[in-house]
Each structure stands twice: as structure tokens, then as C-alpha cells.
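A, B, C, D, E and F are the chain letters, set down in written order, and residue numbers restart from 1 in every chain.
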Amino acid sequence: VSARDEYYETIASRLYTSVVADVMDALGATRQVMHHAIQPVYAGARVVGRAATMLAAEVYEVPAEPFQRELELLDSLRPGEVVVCATPGSVRAAIWGELLSTHAQARGGRGAIIDGLTRDSRRITELRFPVFARGRTPADSLGRLDVVATRVPIEVGGAPCRDGDLVFGDEDGCVVVPAEIEDTVIEQALAKVSGENTVREALRAGARIQDVFREHGIL
Amino acid sequence: VSARDEYYETIASRLYTSVVADVMDALGATRQVMHHAIQPVYAGARVVGRAATMLAAEVYEVPAEPFQRELELLDSLRPGEVVVCATPGSVRAAIWGELLSTHAQARGGRGAIIDGLTRDSRRITELRFPVFARGRTPADSLGRLDVVATRVPIEVGGAPCRDGDLVFGDEDGCVVVPAEIEDTVIEQALAKVSGENTVREALRAGARIQDVFREHGIL
Amino acid sequence: VSARDEYYETIASRLYTSVVADVMDALGATRQVMHHAIQPVYAGARVVGRAATMLAAEVYEVPAEPFQRELELLDSLRPGEVVVCATPGSVRAAIWGELLSTHAQARGGRGAIIDGLTRDSRRITELRFPVFARGRTPADSLGRLDVVATRVPIEVGGAPCRDGDLVFGDEDGCVVVPAEIEDTVIEQALAKVSGENTVREALRAGARIQDVFREHGIL
Amino acid sequence: VSARDEYYETIASRLYTSVVADVMDALGATRQVMHHAIQPVYAGARVVGRAATMLAAEVYEVPAEPFQRELELLDSLRPGEVVVCATPGSVRAAIWGELLSTHAQARGGRGAIIDGLTRDSRRITELRFPVFARGRTPADSLGRLDVVATRVPIEVGGAPCRDGDLVFGDEDGCVVVPAEIEDTVIEQALAKVSGENTVREALRAGARIQDVFREHGIL
Amino acid sequence: VSARDEYYETIASRLYTSVVADVMDALGATRQVMHHAIQPVYAGARVVGRAATMLAAEVYEVPAEPFQRELELLDSLRPGEVVVCATPGSVRAAIWGELLSTHAQARGGRGAIIDGLTRDSRRITELRFPVFARGRTPADSLGRLDVVATRVPIEVGGAPCRDGDLVFGDEDGCVVVPAEIEDTVIEQALAKVSGENTVREALRAGARIQDVFREHGIL
Amino acid sequence: VSARDEYYETIASRLYTSVVADVMDALGATRQVMHHAIQPVYAGARVVGRAATMLAAEVYEVPAEPFQRELELLDSLRPGEVVVCATPGSVRAAIWGELLSTHAQARGGRGAIIDGLTRDSRRITELRFPVFARGRTPADSLGRLDVVATRVPIEVGGAPCRDGDLVFGDEDGCVVVPAEIEDTVIEQALAKVSGENTVREALRAGARIQDVFREHGIL
């Protein structure tokens, strides 16, 4: 197990999107949560990794070399990466599916976050490959959507995301952590988790919530 | 077990939102069903209780006393109550989450119905605290949404709701029963459930649905 | 078991909506996938059968003979049929529910696809009667929606559908197969499934996806 | 000039939709304003008259007798009536246009309010026949929308409207006055107009608006 | 004056979008009307000409060569052409404006139809260069939208459009005439205009609209 | 004429929203343009001035002191100010109207920008008081919307706006200039206007647009 894997596993097991979002809010990075329509394809899907970004656009004929840039990105995928795709928001067709998931998983990819639709949701669920999307459709992207740029800055569900940024997805949605503040965010988020555990115990014991908030400043 | 708890358990075990909605329609109360986007956070969540209403508004800076009115409402929560919150419909941030759920559950609260977003959906599911909302997001309400009034009349998913009104939520959505007609609604709904059982048996046995409808007037 | 049942079971067990959609795309039938908001009421719901179409419209008073055309359609339902209903897209009320499902199932109906809302989702799940819809609501159709025509051409989630067309629904959504191309579509879809199996094996083994796509032309 | 015409001209020249809406609000009739998307086709269009209601539904083939119920309504139109049409909200096609306007104007009709689209907007403007709609499109209703009922209660832009109700439209939008409260509404609205004139003068003269509101209770 | 100019002037002066749409409907070309949100920037704007198509996509950084493909298209513009742009439907920025209009007009371009936003609407109005769009914004396309392909098939407001197709825009919206049926459409539309004149006269004279429709089959 | 008035008149006569937006984009202030749905109430309305901000929220009963904070803001209005109101985006009622316009104009207010609806549009047009809004409705705000805070930071059509920020509105929409960069923005915008005049002349004379853009870098 590499140090990189350990890093991901540690934060995946101890952190969750809402605590990461709170810490970024406090640091002034208030636009890092994706639109709430981007949700996991199967219950329990969770992902953390580095964004491998791609930008798709709607097309209305089959391109000369369909899928070309998308396939290049996939063959360049590094272990620990998460495919993050801006369509932007197009619901004409699925830009993701089972065969791409199979390939990404075989290459050490950790998941996919799609500001658009996916398909093959049953097989993706069987693979336990965590995919987050606006929804599902049987319609293929061929002649409807095509990737026009890869590893460029994109906006996913309203959140800016650069290639290599750390991304999280879980039951509540998805967040992007900008590289400049990643170390600070992870450190503060781990600390905030401990504080929340204390608060939770006090509330379970029946404390007045105004007292608890005054003391801990956490909700 | 109090008489109040027995009342809730009886109607919770025998009634469901669609039969309650039908009876209110027949009485002319046709606006009591909330928008269909307000759905349970976990499969199987069901709630019945008295509305403890709060009204939130979007804000664009952290208020002087954030969460103040919301915490006051929560500390005033009485057993058998359900927090009902109009945001109204804002999807910028979650106005509800796990710590609020933990507190409400410890105080005898029976659930929450949010015309907006929630977060911490995994832990809410583990708590089995029935929350109904338009969706989920990791984004906190601090500096985005703030409660501006409590225990006032509100509109939730298009349905008018006053503090103290009986609210139901289940797999189909949520309804509000105005206090003036509560007794009549409960009585007629319990009767209608019996009629539906008879109709169901006839249809299972292969009867013509036109004959069944002509005889029972129920669908 | 009739030949018809065998036909449906064969294609239901071997085909899925996305492969059917792909084959229709290649044949130039590019508008056959319904809007992605039309999704199964319970996880695992799948349906294949002949469309029994009905067209509903919004109403604002209880009609003289409520439900009349809808009930006629249901009593005329033939084994192997799927009720397909255009509301069109109205979310004021549920046009489908448990008692209609019970009747349809008793008559050999195979499911329902509703470009609108349903209700009674818990009991529908218990029945394992596959219903696809835009969502759920407790609100009844009486005085809100009424069927104005049956067995006419309709548009469901943007896809044209005629009475008798083959319809599929599964975890990814729903598609309509026009009668003129049904034989070709089924034949080519069964062939494409085999090709996908080969591709999947290659990708699992770690092949470059550009090589695989160049060789098989399938994604 | 008939007494009816005088009545309409008096209220058309002295009243406007916002003062009528205010008076109805004060009487508890708070749902009588149509959705703000329903606006005049040309600047300066104003209408007041009795609703001649029709209810349209989307269709997907040319009906056996297209336009039949719509033409019947138009031939039955009485002087002083305004055609009010619920589509409901469909934007697939125009349910109104120039030739219908020409006919309605020739028969003494005073305008049309359409919860949907119109076409022929240039010629309608030349006719000075006041049409209110959600927008314009060249697409005809034939095979897309058909009237399914006439002179029934409808909902137009969210406001309930019965055949014969008084309707107003001007630069701000449209309102429906229920028959039961028409006399009271007109009387009070004429009185409120006088009050507004007084307030306007005070504000023009530079008075503090808090003082003016405290004295007159009007804004 | 060239024959081409005469052709355009003849049809521009005698035809309008609704009659062209009707004739295409009758020929089975029922998807040729653009979404009704695409409207003229100034009252009275009308355009007819050959589509010079371009396809834009959202971007999230300033491209290496911004505007490159768009400027190439503009320098290639031929007299009689109309720039038709699919964004698709993006409202983040204006893809059209005054300087592009000035250039296009200087080169003999006849207008622009944009499935997105424009800016500089006052100067465009002063130029009397007919632009049709979904709306206006001061936001520039640089770093927000970039043209990714030119003179390819596109979809504009839901209507398919190929480079060179005849496009019309006027007070009611925009339509695309496919090249294969252009001659038939123009011929039949000119004939239908004469029929409408006859019908208009009859209705003005007070005829029953049912009689008129039975005789002429035109509305 | 005060220096302040001269300042506003100079920039109002020489600048327009799109050039101001361009200059802010280049400075990295890319979120300063309001949503394109916020448009002038009458053709030709233009405004420049200092934001006097207010934040409204939806209510569902008449507040104890209706309009209180709104009236306080209006009585505190200083010459050169523009009322800027976040509703946020609510279209249930008009938060602005004629009497408020009359008062604001009498006090030296220069206009109003409303992220919501207005009413009394005809009289506002007669006053030539520039109001920008998402649309019009006859429905009053009493019991539907109430101002909950004044002179606080707000978000208007997606653009952040603080009390005192310079705001512009014209035919293309509205922009907010943050105080920190106001001097730089005005200086650079005045310079860019000169550059655009040069480009316009070159394009009118028929130059290749690629050459012009290469030379001047302006479009």
C-alpha cells in the first residue's frame, strides 16, 4: 500500500463532504460545493481522489473521431484519480457508463463525478465503482456530446475544479478542494470531526442546544 | 405511553398520506399536499406529528447571532412535534442536519419536513430520524440561510401550514391537516382505508375495474 | 408459457435499455429515449411489453364521468401490455397508484410508464409491479387530471409512442421501439450484447481503451 | 352604447390590475393574480370583460375534428367577453392567432388571455386586439394542442377562473374577479384609486414615506 | 440587385414564420420551429437568409486562441447569410454583440439567430441588424463560451439546422427550412398566404368561424 | 450641479454595462454581472448610482409592522442612490411599485434594481424612473414578501452587492462595481470605449475581423 493510498484511505474513512465544506467556508472558499443535483448512482457510494478533468460539449452529428479526447484521458488515467466531467449540465445523453467504469477501475481510477448523466447504472452498482451524476439515461453520447478538452480548468455543478484538485463525494453530494488550501483543509477538518463527536454526545444526553452551540460553536 | 402517543401510533400505523389527501380533497381542502420534490431522506421514513414551524430566508453574510431563532425553536420543541421549515425552496445550503436531528430526537421530536435541503444524510439514516427534504448538499446554512421567524404560518412546498397543524410524511410525500378539520379527516380516513381493502380484494380476484368503481366509488 | 411470454422473457433477460437505444441510434431512430426524469419507483424494477397508451389532460373540476376512459383502457388491457401514459408531464397529481396496479397485474399487465406522477409507492413496491414515473405524490387525479383519449399516439418524456409499440424500462430509464423496426432492433441488440461482453473482458484485463475501441467500435 | 359597455369603459378607464388585486387580497381572495409570465402581446394592451373559458390539452396526432370545440366557443362568443384559455402552460404551439382575433373582434369580443403561446403577433398588434400570453411561436396548434372543454372552470396561470368571471389585463399582468365578490371589489377599488392619488401627491411633495403610510395605510 | 436578393426580398415581403411553419407541418417536417424563447432583440426585426452555422461550448478559462473559429466564420461570411449559433442555450455570457453585427452587416450578412444571449442591444437596434436571441447580458463570452465548430449541423432552440438551410425570423420567432423541401415550402406558403387573405375578409365581415373553416380549411 | 452628479452623468453618458463588465473580467472580478432575467421595465431605461441595499424574504401572513424596514430605507435614501433589492428571486409578488418610485425620485434616488418583480409599470414608465426587475405582476408584497434587513451585503441575480457599491443598468442588464476597484474600472472602461470606436470604424469599412482583432485585441 502506497503512502498516497494511505492518505486517501485515512481521509476517506474519517472525513465527509459536509465537514470539508464547513472548513472551506471558514477559510473563505465558499463556492466549492457542487449543485445538489449531482448525487451518487448507488447508495453508499463514496469517493476521494485527484480530479482528472474533461470538458464536453453538445454536438449534433457524429464527430470525425468520436470519443477521441475522452479515450486519451482514460488511457492517461493515473491511480488515485477521479474522472470529473463538465458536460455542462447537458441531459441529452449519458457521457459515462459501464465500460468506461470498468476501464477506469482496472487502471486504478477511484470514481467519476459527472455534471450530466450516466448510464449502465446496474452494472456500475455491481462494480462498486463510485459514480456521481445528475441522473441516468439509456441514450449514448455518440453524436450528442463529445469531449472537447481534457485536463483543463472546468466548472462542475457550479464549483470551479482544476486538474489535480482533491475531490470528495458521498451521500450528501460532492466538493472540490483547491490545491492551495488542501493541507489546511484536511488538518482543520480532522480537528472539526472530533469537536462534532463531543457535541453529538452532549445533544444525545439532552442538553439545551443553545448552551451547546455557545460552548462549542459547532452545528 | 401517553394518550397523545397512542393517537399518533394509531394513525401512523393505519393511515398513509394518499388516503389523508383524498379525504381532504373531498372536504374541499385541495391545497394540502406539498410539492412532490419533498421526499424522504431514507427509504421507509414515515412521520406523523404536530408542526413546529420555522421560516428561513437567504442571507449573504454571517448574521450577528447566527442560528439564534432556530436554536430557540429547537429548545422549545415538545414531544410529538415535527420541525417544519420553509426556506422557501432555497437550494443554496442545507438548513437541517445530523446534530439538529440528534437534538430533536432526544427531546421527543418525531421528524423534520424541510422545503429545502438537508445534509448528513447517512447519519440521519442511521438515527432513523425521519427527515423529508428537496435534496441533500454538504453546504452549511451559516451565511447562506437564517431562520427569521418561528411558530408562524408558513407555506411548505405550496401547502399552507400553521404551527400545531398535524403533518404526515411517507413514501409518497407530505400533507398538512388544518386543525379545523382534523377530527373529521382522521375519522373519514380510517373509514376509507377499510373500503380500499375491499376494493383491493375484488381487483386481485380479477373483477372488471369499471364494475368495482361503480359499486364502491373508490380508486 | 406462450410464445409471446417467451419472447418477452428472452429479451428482458438478455437486453437492457442502453443497448436497445444504441441500436436504434445507429438505425437513425434517435428520439426514442424518454426524458431521464422518468425513473423506476423501486430499485430493480424492469419492464418490457406492448404499450397500451393513454393521454391525460389537466382539469379543474370533477368531470361528469371521472376516470371513465382510463377504466375502459384498464378493462381492455391484454396480457403482455404496459400502460403508457402522457399527462403531459403534469405534476399536480398522481395519475397512477396501487389499485390500478393491482388490477393491471391481475389482468396480465406487465407494468406502467407514466410521464407524470404516481402514488402508493410502498404498496407498488410490495406488489413488484414495475412502475416508472417522474415522481410520487399523495394527491389524487380526481378533479386534477383526466384521461381524454386512449390507444392514440402520444409523446412520453419526449419520445413518440404508439399503441402496441414495444417499450422497455430499467435502471437507466425507458425507451420506445417503433413497430416498423422492432425485428431489426431486437436482432442487432442481441448481437451487440455479445460484443460488449468481449470488450468488457479486454478492459478488465487492463487493455488500452483506445486500442479496444479501434478494434471493436463499441463503448 | 349599452349599460354593459359603459360599465366596462368606466372600470377600464379608472381601474388597473394592481388596485383590483389589492382589494381582493384585503377580502381574502389572495389567489386571483395570474402568473407573471402572462403578459400583453403589445405595449399598451389593456382588457376588461367576462371570461369565456376554454381548456386545451396536448395531443400528438391531428384529431378527427380539429378545432371543433374551439370554433364552437368562438361562434358562441357574446359582446363583452374575453376568451380565457388554459393550455395548461404548454409551449409546444400557439393556441391563438390573428384569424381567431379577427373573428373575436368582429363578434364584439374584447380580448384574449392565454396561459400558453400565441402567434401572428404583428397582425394582432395592428388589430389592437388585446391578447395576453406566455409568449409567441410560429408553431400551429393543429396536432399539438386541442380544446377539450369550453365554458368550464379552469386555472389560468395559477388563478382559478370560471366562465363569466370578470377578468382584467394590463401592463402589469392579469387578474380574475370571482362573481361572488365582483360588486364589492369594484366599489372598493374605485375608492382605493382616490386614496392613491392623495398619497402620490404627498410623496411627490417630498413627505417622509413612513408618515404617509401611517396616515393613509396605502402603498 | 442580384437574383438571390430578389428571391429573399420576395419571400421576406410576402411570407412570415407562421405560414412557413404551417406548410412544413403539413409536409411532415414538424420540428422546424425554434423554442419560443428565441425572440427579436428589437421590435420589427425580421430576417430571411442562408444559415452560416457555428457551435459554441462553455469554457472555464481563456482559450489559447480565443474567438479563433468564430472570426474565421465571420470572415468567410457570404452575402445573404445569417449567422446561426448554438451555444447550446447557455446563459452565462453573450456570444454575439455590436462589433460582430457591424462586421457581418458590412459583409452582406442579413442577421443572426443565437440560441443563447447577445449584448450591445441598443447599438444593434440602431444598426437595424436583425438579431434573435434568448436574451441580453453585459457578460462577454471570453473565458465563458467559445466556438468549437463552424458550418456543421447544429440544433438551435430544438430545431435541427444545417449550414446553408434557409432560416426565417420575425415577431413570432424563428424557423428553419431544410434544403430538401425548400422549393415546395416556398411555393405552398405563397399559396397559403392568398387563402388566409380570403379567410380574413370573411371573418371581418362577421361570418361564423365554423362555416369559414369548413369551407377553407385554414385557421 | 454637484461634483457627484457630474461624476454620474459623465460615466452614464460615456459608459455602458458591457464595457464595464469587460474591464472587471480583465481584473478578475468575473461574477459582477446580474442574471440576464433582470431587465429594464421600459425601453431606454438606464441607471448609474450607489446601491442602497435591502434584503426581502417570503412571508405567509401580514407581519406585525408591514413594510417597516423598507420604509426606513426609503426615508434614509440619499441623492445618487439606487435601491437594490434581493427578494431573492421570488415571483410571488411585486416588492416595488409606483408610489415607492415616486418617493425615491422625490428624494433624489436614481432608480431601482429588483431581483424579483415590480408593478405599476405604466406609471413607472411615465415617471421615467429607471426600474430593473425580473418581471411585473399586479400582486402586492403585503403578506407575501417583507424586507428583513437593509444596507447589508446581498446577492442580486447572482452578483454580490454591498451597500454603497456602484451599480449600472441599461439595455443589456445590470452590473455591480465593487468599491475596491471602482476607480480602476472607471478609468479603464473610459479608455476601452475609445478603442471600440476605432474598431467599429475599421469593421464598417469592411476590414477582415481577424486582422482587426489581432491588431486591437477588442471585440
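One rule holds in what follows: a contact is a pair of C-beta atoms (placed from the backbone, for glycine too) under 8 Å apart; a residue touches a chain by one contact, two chains touch by 3 or more.
Quick caveat: nothing in here was measured; it's all calculated off a predicted structure.
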Two copies, chain D and chain E, superposed on Cα atoms differ by a rotation in degrees, nearest 5, of 120
Would you mind pulling out the distance in Å between where the CA atoms of chain A average out and where those of chain F do? 37
Roughly how far is chain B from chain E, centre to centre by C-alpha average, rounded to an integer in Å? 49
I'd like to verify one number: the distance from the centre of chain D to the centre of chain F, where each centre is the average of its C-alpha atoms, in whole angstrom. 31
Inter-chain touches occur between A-B, A-C, A-E, B-C, B-F, C-D, D-E, D-F, E-F
Looking at the complex, which residues from chain F come into contact with chain E? 16-18, 20-22, 25, 30, 33, 35-37, 39, 170-175, 196, 199-200, 203-206, 208-210, 212-213, 218-219
Applying the document's contact rule, which stretches of chain E touch chain F when the two form their complex? 67, 71-72, 74-75, 91, 94, 97-100, 102-103, 106-107, 117, 119-122, 125, 135-140, 142-143
Within their complex, chain F touches chain B through residues 55, 57-61, 86, 88, 90, 148-149, 152-155, 160
